[in-house]
Each structure stands twice: as structure tokens, then as C-alpha cells.
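Here come two complexes built around chain A, the first alongside chain B, the second alongside chain C.
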Partner chain A sequence: MSAIATNKPAKSRRRPRWLSNTALLLGIVISVAFLAIALLSAFYLPHNPNVPRIPDRLLPAGSPGYVLGTDVLGRDILSQLMVGARTSLLVGAGGALISLIIGTVAGLSAAAFGRIADETISRGADILLSIPGIVTALVLAATIGSGALTTVLALSAFFTPSFTRVIRSAAMSVLQEDFITAARLYGRPTWFILLRHILPNVAGVIIVQFTLFFAAGILTEAGLSYLGVGVTRPSISWGMMLNEAQQQVGISSPLAMWPGLAIVTVVLGLNLLGDGLRDVLDPRLSRRGA
Partner chain B sequence: MTHTTSKAFRLGLATLTATAAIMTSLSGVALAASPRADEGKMILVARQDPGTLDFTKSNLTALRLWIPANVVEPLIYFNKDGTVSPGVAESWTISDDRLTYSFNIREATFSNGEALTADDVVYSLKTMKESPVSQNSSPYQAVSSIEKTGDRTVTVTLSRPSQNFWKGMGSTAGLIQPEAAAATIATNPIGTGPYKLVSYTSNSSLEFTANEHYWGDAPAIGSVSVRIITDGTAGLNALEAGEVDSLPVITIDLWEQLTARGLDKSFSMVTYPQIGEPTFAVFNQKLDPELRQALAMTIDRQAYNDAFGAAWGAENTCTFALPNQAWYAPESPETCPYPYDIEGAMSLVAEKGYANTPLEYVSLSDVPDLSLPADIMVPTMQAAGFNMTRNAIDLARYSQLIFQGRPPQFDVTVMSSDADPTQWACSDEASAGWSTYCSADYTQALSDADAALTDEDYLALMLKSAKILRDEAVIVPIIAKKGVGLFEADLKGFIEPRVAVAIEFAPLHW
Partner chain C sequence: MTLYIVRKLAFFLLAVFAASIAIFLLIRGAGGNVAAIILGKDATADAINALAQQYGLDRPMVVQYFDWIGNIFRGDLGRSFRTNEAVTDLVVSRLSISIPLCVSGLLLGLLIAIPAGTYSALNSDKPLGALITILSQVGIAVPVFWAGILLSLLFGVRLGWLPTGGWTNWSADFWGAVRSLVLPIISLGLILGASLTRYVRSAVLDVMNQDYVRTARATGMTRMEALLQVGLRNAALPIATVVGLQIAELIGGTVIIETVFSLPGLSRMILANVAAREVIVVQSTVMLIIIFVMFINLIVDLLYGVLDPRVRLAR
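On to the complex of A and B.
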């Protein structure tokens, strides 16, 4: 009895798949750190990032009181990076979230409400995709002025068509499944099928796309602010810091390095998170991995 | 044997060291000399493309730097020491009442081979009188007639004495061109200057060669290329790499980089006031005068100057002028009615309750040297207690709001422009310029100065007008930026611009 019990194979205790995904773990660590710094900046900053201290201008990293040094007006780099993280979070996530909501509604509608709706929404998305995002941002900046809100609107206009196409494609795929046919035969209305069956099945795609567009939003915001049509002071963004630092590249190169490093790290982290989530959430990839 | 070997080794080492030293010094000489020196050429760098070369219709610095004095000459030249030299006019007479000016036109030939005539001078002066560019037309305000009074004589009659007219004849307002070539002025201006334009390629270069018909001595350098490099750092790199020979105009945003890279030591650096500009705050004239004065007290000129890390290139001043203008005065207790006094400003804010007055500071988001003042001034004004918000906008939108805005769309802004005091003159408040500044006293003082019969009277009245501008605290100067240029060490002979801001090629030589 005892021997039989000993020879019985032990119950398999496999680690959750996400724990063995290094890219996902790294992405989570970077993204959580980014979120933590952005949240912390709302409550604590080493210095006021907008108040100039001319005698302390262009101090190197490690100077007393200034961990990462100061800029051309003696403003603390670390404090500016922290506030920049908050701006990136708000603008990047804001743009991606608005695109997610509009894109999901439009994508599901295109997939489920017949050919006319599909053609209208798809061609509309094509037209919007043919307009360069930078042009949209410049027009918005010229008409309503530059700033965080303008950047969020520009990102939304830029990302929504892409989001729409991705969600439409995913929903179309799900609509071919047998359980959808069964639901239709059961007499379920289209809106019910969309909410009850399609949406949960494309949720993984939505989450993954959100993280990727979040990263793209941070990059785009940095680009727009670098060009002077994005965030402007007293708000602070990493792209704006890069813009200001370019004047000092020949004098104090780290000024441009810090915001550049922050952008690279966070965008890399969000992309790793997105890729990792796709690996975990996509059942086909799960089966292949198993 | 060992001793011999050691001696030979030491000798060899010494020879090697000496050879290396000689080679190093020789290579240094070779590096220092421009490859264009022997060819009688030079390459200069411009930051902006002029777009058009029509100096009668455009006032762009990018045009005024190269065409006047080099290609197209004025009637006369005003020298740095105050003397007047002949230009297109060989000589001149001025009536005692300063109402009649007779210019004797020299026997000369335009660069296209056509003879210079008195008719060309009459045409040129009349064209400038009608010019849409105020710097060209304003010297003619008192002019009642321009007539050919002899084969080589042109007489200008004034309705009242005008200092501006006489000074204008040595500036762009006095440039002389052939009437027959007026149709091609936008791409190929013709004049009697020491150089002629060979080609102008938009956003690329302007090519000049010596004018074989020039009436004076032939210039030392026969071929001049002005290469348009819009990126300032790229221009400095090109100079350092020996690809070009001079950046005669270097803007303030590059000054600290210039010294940090040691370019001021390895090249000849010149500073000169003519191309410089005052940077100044503009307070909305509709604001309470005491509020404006309190705002003026928050301007820390030294902090602003220090922020650029190149105090050698700019002076703190409360006077709207450049150091080459006689009424200019650096910052001092005598010339600054509202010096930096943050505690005084705080007291005024508390006493007058200005904290309840919402104010808007409009700043430029895409022009670094005009964004920087806002970074300093807005926090300082807020610290003084003002209810100040900042609206940072790009240049296109700024132009709509500020230059064309009626009524004024801002309470505080910062600008940088020519040091022409007449731009603030206005006949009535409704026609006030973009600054919204309009003062009858100031306008009258300028008018009186223009009509002054002597230089002493002119200076006294210009000083009076400058004081009015300071006391009103609408146009509040911060610093006067000088012109800064770098030249290849062997390129000698630079002289300060005599015709507005024009960089003269002819005096330069290797």
C-alpha cells in the first residue's frame, strides 16, 4: 500500500505560465516602477521643477542636492523627470484609452452590423490613417493651442483607426466560431452576442494593443513636445526636456541623455509587457508553448 | 659598444622628437590655413534663406546681411568714427536750413555694365519712398521732392529738417539700383558695389564675384560664397572642420556652446552691436501703470543674462537701444526707473491687491531664446504674488495673437527685435502697433528729434524719448544682445557694418 502510494506520480505543480515569461516579468517590473514614480511625483518632488536657480545651473549628476544634476536654469533634472513620467502616463494612457474605447466600439460595430456599417467604418479608418499624425497634431496645436489636452486628442485621432482595424479583425475571426452560430440560432440579439461572446474573446487583443499603443503614445508625445507642439511649461514632459536640452548638447550632454534614457526604458518596458501579455493571453500561442 | 649604442639611440630619439615637433608644427600651420586662402576665395555661413533679394520690399536680416554695401551701395557711408564717406554720391551739399540736399553722382558703372545715371538715383530714392518696408520709407517722411537738377546732380527737398533722412541715405533707404534692372531685383539685384551676385539658389547658397566695373579698389578676395546652413551647431561644426571660413552672425543660443568648445580661442571672434537686438518685455498698455511698474520690478536682468552663460555677448539695459546708439545706457540706478526689487514688488502686490488681477503671460514654445525669459519671469512674478498664468504657443499662433491681435491678447510677453525706436511711435491709439504701445509724448519727442538741426539737439531729444519709454513701463528692455561672429584666424580685415547690418566682404583679406 505504502509502496503503491510512493510510486503514484505526484500531482503536477506547474508554475503559472506568466511566471516563466522573462520578457513579461521585466515588462511588469519596468511598468510598475514607471507607474510608481509617476504617482509619487504627485505627492513628493525633491525640488520645484519650474523654479530657476541660476547659480546652480548645469550642475553635473551627483552634485549635492541634485542627484541627476541641473539644467540650464538650475532646475532639478530628477524632479523634472518625475513630473515628466506623470505627463507621459496621463498623455500616453489617455490617448491610448480614448482610442481603445472608440476603436473597440467602432471595430465591433464594423464586424457585427453588416456590410454597410463595415464599409463605412473601414473606409473612414483608411481615410484617417492616410493623414499623418504629425499633421493632425500641428493643426490641433494651431487651432486650439499646444498642450497636454491637444496631445491627447492628436494621439486619439492617430491611434483610433489602427485600433478599429485590429478589433474588427479579431471580432470577425471570433464571429466565425460555432458558438456564435449557436447563439444566433438561439435568437440572441447582436448587441448581446457582442457583449457576451465577442468582447470577452477579444479582451486579450484589446489589453495587448492598449499596452503597445500606450508605449507608442509616449513616443509620439515625446516627438510632438520635442517639436514644440506638444506639452509646454509649466507642464513638463520628457520630449520637452529633450527639446530644451538640445541647445546644451555641446555643453552638457547628460541633459539630453536622462529624458532619452527614460523614454527608451519605459517604452521598452511597455512593449515587453505587451508582448508578454500576448504570449500569455493568446490561446494559440499557449498551446504552441505547451 | 654599449656606450656607442646608447649614444646612437639617444641621438636617434632626439632626431625623432625634433622631427615630430617640426612635423606637428607644420601640420598645425597646414590645418590653420584655409585651403581657399591661396585661391582668393572664402565661404561664409548664413543661418536663414532670404527668400527674395528685393531689398525694396523685404526687410529680412537674411537679405540685409549680404546685398547692401557688397552689391548695392547707398549714396553715402557713415563710418564708425562718425565721419561720412562717399558712396554712389561723390560729394554733396546741405543747405543751412537743412531743407535741401544736393548729391553729385559719381561717374560709375553698374555691375551689369550699364552706366550709372542721375535718373537711376531719382528712381531708386522714389522707389524707397514708396517702399512697404518702414525702415526704407520712414526716412522720406519729410521729403517733398526728389529731382534731377543736372546731368549728375540729384536734389532732395524737405518740408522740414529731418535727421532720419540724412541717416537713411547711408542705410538701406539710400541704396541705388538701375531702373532698367528693376524687374529682376528679386533674384538678381544690380548695383555699383565691389561685388556682383553670380547666383542665388534658394535654401542653398549665394555666390558672389568681384565686380570688374567697381569704381573703387578691387577687393582682395575675388570669390565669395555664402552657404545657407540653418542649424547653428552644424554651422559651428563646418567652421571647426575647415569647410567654411566664417560664421559672421552667431545667435545667442550658441554662445555658450561656442566658448565651451573653445572656438573663441581657435578662431577670431568679433562682437559688434549693429546686428544685435534688444530683448524686451512688453506689458499691455491697458494695465494699470503701477501694476506695470510692479511687474517691471520682478525682472532680474542679471539672471536672464546669466542663463545664457555668455555675459560677454549681452549687456543688461533698461534702455531700448543698442550700444552703438548714442542714447543707449547700460543698466544703472540712473537709467532704470524700476530696477529688480522682488520685495518691493511683493509689497506693491499686497498693498494694491494685484493678486486678484488675473494676468496672462504669452510665451513662444518653439523659439528657445524667447522661451527662456518666460521660464525665469513667470515663476518670479508668481513668487511676487501676481496671479500669472503662462500660455505657451508656437510662433504661427503667436503671430496671429500678437502681431494681428486687436484688442491685445496678452498681458505680458517677451520679444526681440530691431533697436529702431520709431517702431513705437504712433499718431493715435487706434493705430498702435502690435505692442499696443501708444504714447503721444513719446511720438512727439521722436518727431522733435527728427527735426533737430544739430546733432546735440538730436541726441538730447532722443534721450528724452528714451526716458519716456522707460518711465511708461510698457516696453521694458532686459538685455542688449551684441552681434557675434567667428572668422578663420587668417581671415583679417572685418569692419563693423556701415549699411544697416551688412557684412562687407571687400575689406576682408587672407
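On to the complex of A and C.
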């Protein structure tokens, strides 16, 4: 696939500028709010999200003491959503971070350490890419049991190959530059060139990819927890809340709205942030996303 | 072209081989004693040994591996420990749900993405073009199971037009089976369509900025004519790649959507077996899915070679 010659940058603007600017702004606002709520949940929650209060069950939003109402066991929805934000943050960012570290090392090695290293790493990544993330998660759940840590492992296994490919191709294009040749002629060893010259030049790509995989991680985690093979109580996940809500959906559809809206908002925010950062940090790549 | 096909086939076999080793090691290595996992925490050492002996789990790993992989290629996926049913039989009956669901979802996704992506690429300055961009951006953020829940709330619970879940067999009630699949297919197709729209849009944008399109336009063609006559084949390449990559996502979506609509498909079977710790059943069915995804990727690669001579001639 890399055999296809890349096209020259587009002359026309890809989307109206007002749309790009609004999108980036929205992405920043949502991402910051999400982080703030996730952090806040560690210090303050309106109620204990795991303690059932049967007399208060299925209260509508706006009830006294329960801003967003309660679920079928009388547990406060807002508190559950807040803890869910923390789970999304930890699991999504955890999975993205591990794949960032492994993917960067592997991608840089593939780019810089010759044909054999490149073929091994790239083909290995191709193979891993054709294993659906959900399948890895299922296998792990069947063997080591489900939980937040298993979910992080599954996400890492799923994202690392994509991360590796992106970093590899970014590093490859930096390696073509004249200043790399100059550094080589100067007698700098490969590892020095990688750390001193390549890494700073692919940092933008790394940050952008981290943001996008963070978002994808939140989506995947929600899916796994919805299936019951992700996070389990006493941890709370938005996907898990949706699973519980669906069993009651005939009774109370608002239960199915809040966690879903939370997922969409946060994932959208992180994606907008990632795309916006790409426009700023990495104009070369911004053509692709559109 | 022959050399290209041979190379791709060799890589396919290598990939299947590598993945099978990975799955085998993951399950046997990470999980520890399979017999102990199956019998649970309260099992006695004698019971564990007896089960291990009965199913040959006490043999050397290498022997077990080749036994397993050899049987898969003979169409024998092993047996369930609890019910002693042949996994192959279980899988085949469930594929009659999973495959139509998966394939129709992909087709619907493409049916949405190709026109929507092309339109928004050619008309990014018009309101509808911008709207498509915004909708696809939002659609990417929607979890497929939430889309499913909302659709079943609206069309199942509120309007009562379509079933919210459950399944009647194809042979028992054909139209009933079709009705059961409508909402799942729409959920899958909409969400897949949203992310594919983005890729179609950027593929078309790339093509429209090429010199050969400018030349074609200079001969008096409209933008649409230029796209159809000289651009289409070039835009098809990146789209084919993305569709290949999306297959893994599509499988994930199918797993989840079968749960949303309580369809007794392949993934429901895997989930039930994960919960029951039927390790061998999980190992074999998962391998089957991976072979399927790799096979689709092989086909995409071969298509690539057909569409673009540069690819098959590259060394």
C-alpha cells in the first residue's frame, strides 16, 4: 500500500474555515469538561453510585437530590455517570498510552533499523490488525477474566499495530530529509538520530494519534462493558449502564439516554480535538482526515 | 500478476499460521491449566487430571497445537466440554444469522457512504455538503449498540413496527426472520456508513486535485464526468483498503448488535462460552473469525492488484 505515490498537498481548502475553528474550539471545551468531571468524581460524588435505595427507584430527572434521576435500584444516575467518566478516562487513556509507547518504539525501529526489522514489524502489525479488538477482549475475558485491566490490555493489543504503522510512515518521511543525511555524515549513531531528530519531528503525529485512539478506546470500552466482558461493578462504565438500562427500557427510556449521550459527547469532543490538533501540528497528514 | 497472487497467498497462510499460534499461546499461556479453568475454582486435583486426560490436555503443547490446527482444516472445531456437542454444528447453524447481518450491514454502509462522501467532497461549500460532514463526524462517535437501543426504542417500543429482538428461523418464517434483521442491519449500516463517508470524501477530494482530473476538466467535462471517467478507479483504491480494515470493526459491531437484539448468532454463542469458560469452543470459533477477516483482506489485496498495476508490479 505504501507503494502508492502520495499526492501533493491540495490547493483548495477542504472545509470551510469557520467549521474547522468551531470544531476545534468545541473539541477543547468538551475534552476539558470531561477531564474535569472525571477528576472531580475522585473527590466528590452527590451519592454513592453503588448503593441501592429502593424507595427512590426510577425517579425522573430533576427530582430533589437527584439531578438526573435514579435507576431501577434507586442508584443516582449523575453519580454513576461521573464514575463512568473516570473509568472511560483511565481505560481509554491507559489503552492509548500503552499502544503509544509500544507503537512508537516499534514504528521508529521499523523505520530506522533496516529492511529486515521493517518487514518483521510491518508484517507483524498487518497480522495483528486483522484480529478484531473485540475478539482479543473475548479471549482475554475467557482466560484471565474480565475487568478494567483486561480491557486496557485488549485495547493496547488492538491499537498498537495501527499506532506502529502511523509512526513508521511519519518517521520514514522525516528520514528522507536533508538534515538526517547531515547528521549521518556527521557520524551520529542511529539511536541518537532517532531520539534527537526523528522523535521531536513525529511528536505532533503521536499527540494527534493519542487523542484519536483515546476516543476509540472509550468507544471500545463501552462496547465491551455493554457485552459484560469489560468493566464490572463496583467500577461503573457508561456501556455497563446502557446494558442495565436496556433491560428496563420498556419502563424508563431516559435511562438509556444519559450514558449514550455521555459517550457520544466525549468521543466527538476528543475526535474534534484530534482533528483540530492535526491541522495545527501536522499539516502533512491533515489532507487525509478531511 | 501471478507472482503478486502467490506472494499474497503466501502471506495469507503465514498470517493465519502466526495468528493461530498467538491465539493458542494466549489461551494456554495466559490462562494456565485449561482443565482447571473449565472446572472452576472448586474442582479437585483428581477431577482436573481426569478431564485433562480425557481431552488430551496433558499432552505436550506442540502436539496439542498441531492436533487442534489440523482438525480445524478438516472442519472439526472440537467439542464442548459441558454438552459434548460438536462446535462445527453449533457454528454452522448460527452463521445463517451472522453472515447475512454482517454482509447487509456492510452493503448498507457502502450504499450510504459512497453517494454521501462523493457529494460532500464535490460540494463542501454548500449547506448539504457541510451537513454530511457534521453528521458523519457525529455518527463516528455513536456506539453501534446505542444506535441499536435507540432504534429499537423508536421503531420497536414506541411505534411497534418491528421486533425489538428475538429470532424466528429462516425456514420457519422467512419474513419474520427478515423483520428481525431490519433494525440490526440499519444500526450497523448507519454507524459503518458514517465512518466510511469520511474516507470516501477524502479519497474523492484527493482524486479531484490530481492533474489528470484537471486535464479532463480542461477538455470540457463537468466535475462529475471527470470523476466518473478518470477519477473513479483511483478513488476506489484507498476506499478498498479502508473497507478491508473496517472488516475487523464490522465483526466487532456485529458481535455487539447481536446482543442488543438478542439474535442467537455466532457472537452470542462465543459470549455464552466465554461466560461458561468453554475455552476450546472460544479458541476455535475465534480462530474461525480471524481466518475469515484475513481472507477478506486477502481478497482486498488481490482486488488492489487488479485495480492498480503499480501495486502488482512493485517489488
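Definition applied: the second predicted complex is superposed on the first by the 262 of 290 C-alpha atoms of A that agree within 3 Å, B and C clash if a C-alpha of one lies under 4 Å from a C-alpha of the other, contacts with A are read in each partner's own complex, and residues count from 1 in each chain.
Here is the rule we go by: a contact is a pair of C-beta atoms (placed from the backbone, for glycine too) under 8 Å apart; a residue touches a chain by one contact, two chains touch by 3 or more.
The structure displayed is predicted, hence computed values, not measured ones.
J.: With the two complexes superposed on chain A, say which partner A:Gln176 touches: chain B (first), chain C (second), both, or neither.
T.: Touch status of A:Gln176: no partner.
J.: Quick one: is A:Val229 in contact with chain B, with chain C, with both, or with neither? Answer first, second, both or neither.
T.: Both chain B and chain C are touched by A:Val229.
J.: Given the superposition on chain A, which partner contacts more residues in chain A: chain B or chain C?
T.: C
J.: Is A:Ala141 in contact with chain B, with chain C, with both, or with neither (first, second, both, neither)?
T.: Touch partners of A:Ala141: chain B and chain C.
J.: Touch check for A:Val264: first (chain B), second (chain C), both, or neither?
T.: Second partner only.
J.: Share the list of chain A residues that count as touching for chain B in one structure and for chain C in the other.
T.: After superposing on chain A, chain A residues 141-142, 227-229, 249-250 contact both chain B and chain C.
J.: For chain A, which residues are in contact with chain B within the complex?
T.: Touch list, chain A to chain B: 48, 50-52, 54, 57-58, 72-73, 141-142, 145-147, 227-229, 232-234, 244, 247-251.
J.: Given the complex with chain C, which residues does chain A contribute to the contact?
T.: So the residues of chain A in touch with chain C come to 1, 3-5, 7-8, 10-12, 14-16, 19, 23, 123-124, 126-127, 129-135, 138-144, 215, 219-220, 222-223, 226-229, 239, 242, 245-246, 249-250, 253, 256, 260, 263-265, 267-268, 271-272, 287-290.
J.: For chain B, which residues count as touching chain A in their complex?
T.: Of all residues in chain B, those touching chain A are 233, 236, 253, 256-257, 260-261, 303, 306-307, 309, 365-366, 368, 371-372, 374-376, 378-379, 383, 390-394, 396-397.
J.: Would you mind writing out the residues of chain C in touch with chain A in their complex?
T.: Where chain C meets chain A, its residues are 11, 14-15, 18-19, 22-23, 26-27, 30-31, 37, 121, 124-125, 130, 133-134, 137-138, 140-146, 149-150, 152-153, 157, 198, 201-202, 205-206, 209-210, 237, 241, 245, 247-249, 251-252, 255-256, 259-260, 270-271, 273-275, 277-279, 282-283, 286, 289-290, 293-294, 297, 304, 308, 310-311, 314.
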